[in-house]
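Same chain, two partners: chain A is paired with chain B first, then with chain C.
Right, the complex of A and B next:
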């Protein structure tokens, strides 16, 4: 019982507390030594970063690796002016990791006896010890590097064209238009203007007409280009016969004539006279003048506001006259307005019994008339004839009239291709009256009294910016005449910034047309469908965003209004794709050179290479700047130095 | 009956066991006191060393900072620093000598501590030393070796801080 008193719970608790106190006294010893060691390592790491970031490579030109790099020409004088960390980083990020590692080893192993490691982006450039301590000090350097062989100071330059000469193409379409009936003449006069300061390299007039008899050229009377008769110089490429209601034979002909010597800068006139003894002569789709020329221009910014006039050709028909003007409204156009001004002369005012029959009829993007001056539509003309003989509709001719008509056709417009058709004393296969109906137009001498469509619109940003040069090219379809016809073509990267594009349709006979585009990554997209039979414009606008770099395809189909592909209405191989693309006429700052002169020459060389062969520089502006501390190629990135005591 | 009760009470407090237990407890307490005392002495010594280590680091930093004003001279120096553009400035090193050790000690807030600087090349050649005080009667000597840039070369800067006996 007595012994048990000593070893009570109280005594045990007391001994426990005493033991804890003693333990705390020993455990609570401050770790001054390890703190000093950690601080010392951190200072050493900081000092190494300071050395790597501030000492130039030239200070270590005697170390084996740098010495051999100098000797073999890898390192040049300008490279030795860079800091060691730049040098290590440039080799490391250029993939020369062994060189980077060796340089680090050779420099830092003389600097510290402690363990160290240089790391970047979680990769070790070099580590002097294999085993890490529990306590490691770290110092960081944020840097970006240069490319070996490139100077970090010098001159850079940019250049841009202020005046240039470009080789480009302009296409002047002849609209489908007529009429010369059964031996009577159709006269078409095209007035147009080319820029004044051009040098013409080539001018080719494609002729697409319906005329004559059985493949003969009867009544191919005149083709006068600026006063020079060219009708005997036409090379006929395609002749296709067709028979009319009464079995008479006529010919659709397609040919070309070189008019390079006749076409000139400034104002030009082409006068065409054709006819057919049997039927109705007119111009078919695909008649156009293609002029390739060089043009001097000063650099400018494209417009955002557009007012464009599309003049009718001057058409004198016997009897009757018709013309079909096509024009386009871009898909991004805003505030679109359009007006139609017509100066129509020598129209015969006709009657059928007591009814005033239609002698003037206008269609705007529709098979329904936009305007008619009589009781009937064109489609119904046959019902308002006392008799019909060789396509001539007998009616009472009351008087002759000349009228000027003005219409606002804004509400009838659509984005893309628009077509305005005007018929005087004729429609389809019928004509009437006895005088020379005239759709009057002379934009060169009498512009305000001419017949035209005027379209105005705005776009949000200019078609081209300052420094961009527009070039127009044409790709001929080629191949065989067929229906449908598909044309596949390539757009290069250089040509890929297209701002305007058109399909020029060349046909012999035609009915109703459908034009589509497709690519491997683009389902077939229809850009134009004729609103009614015989509405086949010479050119169809193609949304530029449908054309992209690489392979593109255009499909043209002529179909009958009530279904089915027209078996003999071929699409001719001289159809074409016209596109306008932008080339940059400026280059930015390039490489660094030791002199301003070298930098400028480099900028000019780059500019000339960029603009290519179709543009020649006439006036180049340059801007040269001296630069310091250029960093090339890699970074910014962290480098870190780890220092720890050897185990 | 009364006799029996008295005996019972006495035997519970003043037994041999009690005295033995009390003696052991006192011995433990005495041992704990001496241990605590010597420990406190050790802690004090470590603390002094830690303070000296702080002085050492602060004293070594002058080779890496610019001081104030950045281009100070002997008459306007408020904070001493011997570097400019991450390199040792020889002019400032000369001016440190002109300042004298007492002014340097004041600017470094050395208190009772002393400092000596030695600059070596990487191959161990002594390039510079200041103030060349004898360290014969030194205790608590702390040494810190760092690397710096002087004349576009790497040098080792050894800072020694100690207390006089």
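Right, the complex of A and C next:
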């Protein structure tokens, strides 16, 4: 019994020991085996990654797929310089997955006999075995420039206008100008030219005149636009009577007339005749022609050298004539020169006893004469009269003379708005003269003999560059007539590259004017102050850099020479702000596209969107340029190589 | 007694074998964990190597986009760059020109690449800090730019408490072919576009058969040049190779200005001026000659170009007396 127990115990111990041994052997051996296998696969995976990352496609030019791709021209010389991973990535991410898969298969199956799989972004490029083992070694290759569903490389394009049709506005000012005292008749002829190839949409002539004895007896004789009488078509917006110390009632009138049918491309003429029995008749600030038209243009670059002529209107004033030309010199102008050429006709040459008295007076940006013939100034004219009866003053008219005067007025110029006033037989509120004094001008038919101011200057940078289109617009003040008057307006981002801007002042009666600009971030900045009473130009130049995107305000104040706001010299609501801004007629390279055509179409679409409605889309001539082979910086992404033993 | 002895022997043998196997297992386990650490380090080394290799690929992509952005800026603004190599560096690093972002560089700068890469490496269980310590762009030859940069890559593994830092100087060549030559639009008010394409006929010209020369003229193909502005000079609107870019090997470019093309866009031409672009646009006062079997308005000068030859010699032409 005891033996059998011992025997049984031995057997149990033996079985236990054998079981323990077997268990230990069973647990230990596979671990070692799998470790060795893993290490071997890992080294293999590393080698494969090295091959993929370092060897060029040209090293495998004999493999069937690469060979056929070379033969059919798909692969070019530069493609053969790519690494294998780049080549596979290019095809895979460009959507040519079969080619990428075949290249992987043909190259890597010759490299390893083990199972492998090339994966990227959780997609399998190629797997040599269907079933995975439990132990898989993984190695990575990192590459930039690839992302699922994104093109590897493509085309970018830019487009630009070569010719276009734009809608723009041109404003032709009538300078404040008029007759002498008791000027029975004032004749003003405006000669001007519009571009030849335009289509006019609208032409509105604003009329601002001082005439007649009263509203009912107004002497508005003629308003002829290109031979068509328009005086009865004027719609009067504002009439203001005034009674001077001389006891006579006269009228300041502001109105407008539609002259769209009369104004034409090319040369135009507007002829105005007004009068007053005793006082002097004249044009007030704010008379201007506004023409809106479309214009075909080829792209061009702005000038850096400017020679501009500002022609006087032809003014014939019975017993005297005067005119006030305004022009501007930009703040960044260099080498500025200006000359004044005057062709003055039928001037009464007057004398007081033996003294030759003044009949011609010229002012340049000053209340003091720049030039005068004879011995007196306007302020002391009454001392050189025989007598004063009521408000008439007599001198001896000894002759009639016509003179041509030339002056260099460079030293009298200033940046911003400049004003040149010429007076013939006009002596303040006193009258001499007899003949039809004439400031002669006909820029269309006799330019060189016309009266003009010629300004020349240079600027460092062109006003606009190639690819930029200038558009001009006008914003009417609106509101009520008042003094002072403030106009607040918005400039959009699209309009914010302003290169020229003016304030057109519309007034009935006027004295001395002050034009200022202000914004939330800009304290009030005065851009013009009349140098003396009655020097109120039709337009005042506003430095473009004072205008910026967002809300801007203009304030116009009419004040008396010795202080105080002029109580009845209203600024009319038809005053306006004219501004010329630039828009780009070209777009640069945009997104990368799969084809040149798509890239170009995108560039054209962007161009059309950019130029907006002011440029006529159907008349755009577009040129474009595309660049190919622009790669995206997708990723970086990991290419994963998995290696395992065959099952 | 014998049985007990036998059992004891068996027991001790079994214990010995068990101890042996356990020891082996612990050795293997130790070896495995050592191997795991080694593998992590190996992974870090491979990762670091990958980063350096990929930097070349990324720089090639970014560099090309920077060139296109620079050209875009010049053409749309009509103004050349002040210092093209510095501008290209600014574009590559920050994607800006004078601190203004350029659309084509959006998401495609070195900084973008570094950010993405660092995040990606983070996902693999490592931490990385990648730094471009200096980046220089200079001409390599007439048709290639050279981007030289020093890159520092620090990768650390918190699990194994190991880290790896490597600094390497690398170089990438950037081919400028198929890019626009900014000198043409700058000198033609943007009306003429010319793409840099290397002449397929270079040094294969004959005075008897001028068809290759004619093809070069019609397509305004590009040739290497000794003095003609290099690509970087052209980005600065310069006509000649500047001292700052000068190298021992020729880096300049020249093409034949197609005078008929200039006429066709409404611009005047100077017939008696050589067609060599940098001399034509700079209005250089060089004697130019009419060439036999070439268009009437084609002229070549006899200025020195590469290989110690003059233009008349290198293009192998006969002058019409």
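Note that in this section the second predicted complex is superposed on the first by the 454 of 647 C-alpha atoms of A that agree within 3 Å, B and C clash if a C-alpha of one lies under 4 Å from a C-alpha of the other, contacts with A are read in each partner's own complex, and residues count from 1 in each chain.
Operating definition for what follows: a contact is a pair of C-beta atoms (placed from the backbone, for glycine too) under 8 Å apart; a residue touches a chain by one contact, two chains touch by 3 or more.
Keep in mind the model is a prediction, meaning the values are calculated, not measured.
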Check your understanding: Which holds for A:56: it touches chain B only (first), chain C only (second), both, or neither?
Key -> first
Check your understanding: Thinking of the overlay built on chain A, is A:529 touched by chain B (first), by chain C (second), by both, or by neither?
Key -> neither
**Study point:** Contacts of A:467 with chain B and chain C, given as first, second, both or neither
**Key:** second
**Study point:** Greater residue coverage of chain A in the superposed arrangement, chain B or chain C
**Key:** C
Exercise for review: Considering only touches as defined above, state whether A:589 meets chain B (first), chain C (second), both or neither.
Suggested key: second
Practice item. May I ask you to decide whether A:11 touches chain B, chain C, both, or neither, giving the answer as first, second, both or neither? Key: first
Review point. What is the contact status of A:48 with respect to chain B (first) and chain C (second): first, second, both, or neither?
Key: first
Review point. After superposition on the shared chain, which partner residues are touched by A:601: those of chain B (first), chain C (second), both, or neither?
Key: neither
Practice item. Would you sort A:39 into first (chain B), second (chain C), both or neither based on which partner it touches? Key: both
Practice item. Quick one: classify A:111 as touching chain B (first), chain C (second), both or neither. Key: first
Review point. What residues on chain A does chain C touch that chain B touches too?
Key: 6, 14, 18, 21, 25, 28, 32, 35, 39, 53
Study note, to complete from the structure: Per the touch rule, the chain A residues reaching chain B in their complex are 2-3, 5-6, 11, 14-15, 18, 21-22, 25-26, 28-30, 32, 35-36, 39-40, 43-44, 47-48, 50-51, 53-56, 59, 110-112
Check your understanding: Which of the residues in chain C end up touching chain A in this complex?
Key -> 3-4, 6-7, 10-11, 14, 17-18, 21-22, 24-25, 28, 31-32, 35, 39, 42-43, 46-47, 50-51, 53-54, 57-58, 60-62, 64-65, 68-69, 72-73, 75-79, 103-104, 107-108, 112-113, 116-117, 120, 124, 175, 178-180, 189-191, 193, 195, 265-266
Practice item. Note which residues of chain B are touching chain A in the complex, please. Key: 11-12, 15, 17-18, 20-21, 25, 28-29, 32, 35-36, 39, 42-43, 46-47, 49-50, 53, 57, 60, 64, 85-87, 122, 142, 144, 146-149, 152-154
**Study point:** Touch list for chain A against partner chain C, complex
**Key:** 6-7, 9-10, 13-14, 17-18, 20-21, 24-25, 27-28, 31-32, 35, 39, 42, 46, 49, 53, 78, 86, 139-145, 156, 158, 160, 162, 298-301, 465-467, 584, 586-590, 623, 625, 627-633, 635-638
